[in-house]
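Labels for the chains are A, B and C, by order of writing; each one numbers its residues from 1.
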């Protein structure tokens, strides 16, 4: 079974998920090639992680993402590069693009996979459902397959190979264009991409105290998250919400500040590698999933953390 | 504008999901089913944009899904089509085929879905429908303008918003933030009862996704309480650094 | 006269089990059930965004925009017929709604209940077509908010003792109303009052004071309100005095017949009590849920609280109590929705049982939470405060027990009168009394029985039949022994009432579980069968104790001690003597 790893790029830079996925298919012992779509792209980077062959579908028109344009190119790439399974990151681009390619190839697709293994020449895939309350082990029975892998689950392991990058001029028609990208708050890191997430909840008592979360996040190089209670109260924008009706995250460190841990919040973050909980209620369910907890007033604990981290940095 | 909204009935977020004994399915016994929360944003947006046109609700599933359809009708939608099926196929591609067959019969300027269903979390439907219908699809939309056959949609991506432009007809998957869904008023609920839900038998496409088994995620055992005051902070930082090695 | 409607409990006092009234357990029409589910969904969504029980309690107010939101969505028109733009819920649907509202906030539930269960209920039950057309459409939208004005400074439980006076002026076509009403729920926000006042009526050539019900609106000059009362619980709800000073009320605003106001008030309260019972259980279930989270998380001695037997006992008892109380409530609302049954005793039973077990149970929830339960930061203490009033208003649980016992005794008394005048004249009626005794003996063999239930419930069924029969014998003996004096034997009446409540609880629970078994099979009802059997076992033992204590008791001592202490006006026994 041969894989095609789609290496997502933004502004010409290959995203980390692509390196993770190269490491993954290597680990699975799969025969694979990479595909890159865009204009000027630093595709050679993929070699660092062991990619031997990269096809760069090049076009100025495709510098920015367009779902129908990218889908057409990728569907052709699957045929051209002779791959059976398309592997991509479960990013906003991957989730948008994957089903389109799948539909073109009559393929079935597995979204947001957290574990993949070979099972007698077949892929055995684990993907969370119900925001992580259930893990489904599935197989895709179609001839061609598409999988998107959750970022941060597999490590990107350096494994240098000399990558041969073949450039192919691409020309496709598409109806959907990205007119502009409106950046969020300056340099704002998204919770789904961050390696560390600091989230606040109702315990913060109001938006005026959110600087505690922001300062702590800044010290840790983390993204800001929020519980549903904080978002519903209008303290934080909804794109920060972690949980079943928000975003599902699996960072290496998740710091829950003043969050009690409703089932729908736990569903969105309990697959984090390490969880720290700060809450003054010893009965808060968040402590059930936390690796480390401090049972105390967050208004005393968090400033102290900021201070200690400042001293360390 | 005539608008279709494809909705799904799902267990509510408070549900403690139970796996059946054979591990092949989710036990439905005590589940409280609701209209998928993201679909509500789709219904709301459709109602706001319809402007004299009709909003049609389409849903696939067993008889129980009519209650989710009623919820959407109670918000103010005008028509509904129920694609009868004993169960929702495991493969979203199969469901998409059935929806496409029904969507093709209507003449819709816009088609809404939720950004994902909170049960199986496939997050595929809008793109599948777009591709299978040969029209654009924009996912995870938080802001939408439609005029003169053109759509300008802001969709959420990592740490930013992408502004996407495409012509109608197209598919939009709605994300929280797009609007504030209205509550179904009691008047709306009573009016919805009078709307005939059109039942259709459409064969779903081939199921190419096989469930091997369902499992619960490994239980995280409760960890260490490092302390009960701010004095525990240095120890916490030491643990994160030396034991967990995450900072 | 309207035909006498059958009453399950009154018949029970005579040893007759009207099983067709209680079997099978009533079900809501599918259509209405669907409507109610959707209405509850809407309420839950609205509540999640808008109902903040902690804030309402702290600020002693439900914010105006929340009230307006509820009005716009239609929650002020739940049980008014669609003919008047309402949503036509029957008693079952309405009670379930109030129960769902109470899961979020007791004050909000009370506001909606006071408007619909009692505030505008008299208009819905007894109003003329003109009155309904004039007011209901505006009450349904909440443009007008209703309140029920019965209680006065001098007339609480003794509602017939009200002093508010209505003087009729035939020439002008108006009454002039004067009086003060106390502790009026919704007083501060209401515009539409159902007011009970006395007027002079000539009956058989004699002038008598009789109660008449009136519609009074705040736009009538002379209506004014007192300040908001400061309350222990349900603090978000509005409670004020309402004053009527020379208020001119047109004749056409009489609700029902002149002089029949007391009956109007009692009918309204009969149905109102069911909403109250349902609401009480809704709040109870919610705090129980919170408690269950707590006991499954909190560890002591390396075990969760839920693993300790003392906690298990509390959890099981609360479960059994809620199950039985809800069985009673929704059996009774089913009787109301049939429309042809006298449910006055059953609704009083539901109110007593629901508010008693909720008071006990919510305190147990607080107890299971331990120190946390006592802290303002957690919802336990608020729930305890909110639950306290339920045992007091819409008829104190004591008064309602007297009502149940005396209604039952009266029913049996009427029957006994028919077979002889034994009660009035035991000597003259001696012959008849022996006939009656023979009848009694015969009945000991041929007993009232109920239909066959599922084998798993057979013991419960037999216990019910057995103790129902005993209730009847006890009642007959009491009537013969005490005659009319029985009304002064309140300690005995109290026990009779409690026995009857437990018997109704037994039959309601048996019927519910038996009907469930018929619907889905016994193997799927395993837990419910156990709950039913556990409840019935507890209940018949209480019945036995109560009936035994009709004869064997210390009531004489208790009366004497109480009289002595009341006279002393303090507790007089000092322990200093031993120091």
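Going forward, contacts are C-beta pairs under 8 Å (C-beta built on N, C-alpha and C of every residue); 3 or more make two chains touch, one makes a residue touch a chain.
Here the structure is a predicted model, which is why all the values come from computation and not from measurement.
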{"item": "Closest chain to global C-alpha mean, per-chain Cα centroids", "value": "B"}
{"item": "Highest-count interface - the chain pair sharing the most C-beta contacts", "value": "A-B"}
{"item": "Whole-Å separation of chain centres (CA-atom averages), subunit A against subunit C", "value": "57"}
{"item": "Chain centre separation in whole Å, for subunit B relative to subunit A (CA means)", "value": "20"}
{"item": "Distance from subunit C to subunit B - Cα centre to Cα centre, in angstrom", "value": "44"}
{"item": "Residues of subunit A engaged with two or more neighbouring chains", "value": "282, 288"}
{"item": "Residues of subunit A defined as touching subunit C within the complex", "value": "232, 282-283, 285, 288"}
{"item": "Interface residues, subunit C side, partner subunit A - complex", "value": "48-49, 293-294, 297-298, 372"}
{"item": "Of subunit C, residues touching subunit B in the complex", "value": "31, 34-35, 37-39, 41-42, 45-46, 72-75, 77-78, 82, 87"}
{"item": "Residues of subunit A touching subunit B in the complex", "value": "65, 67-68, 71, 91-93, 95-100, 102-104, 107-112, 124, 127-142, 175-184, 188-190, 192-193, 196, 220, 237-239, 241, 244-246, 248, 252-253, 263-264, 267, 270-271, 273-276, 282, 287-297, 300-301, 303-305, 308-309, 312"}
{"item": "Touching residues on subunit B, where the partner in the complex is subunit A", "value": "11, 13-17, 19, 26, 37-38, 90-93, 96, 118-128, 130-132, 135-140, 142, 152, 154-167, 170, 175-177, 208-217, 220, 222-230, 232-234, 236-237, 239-240, 244, 246-247"}
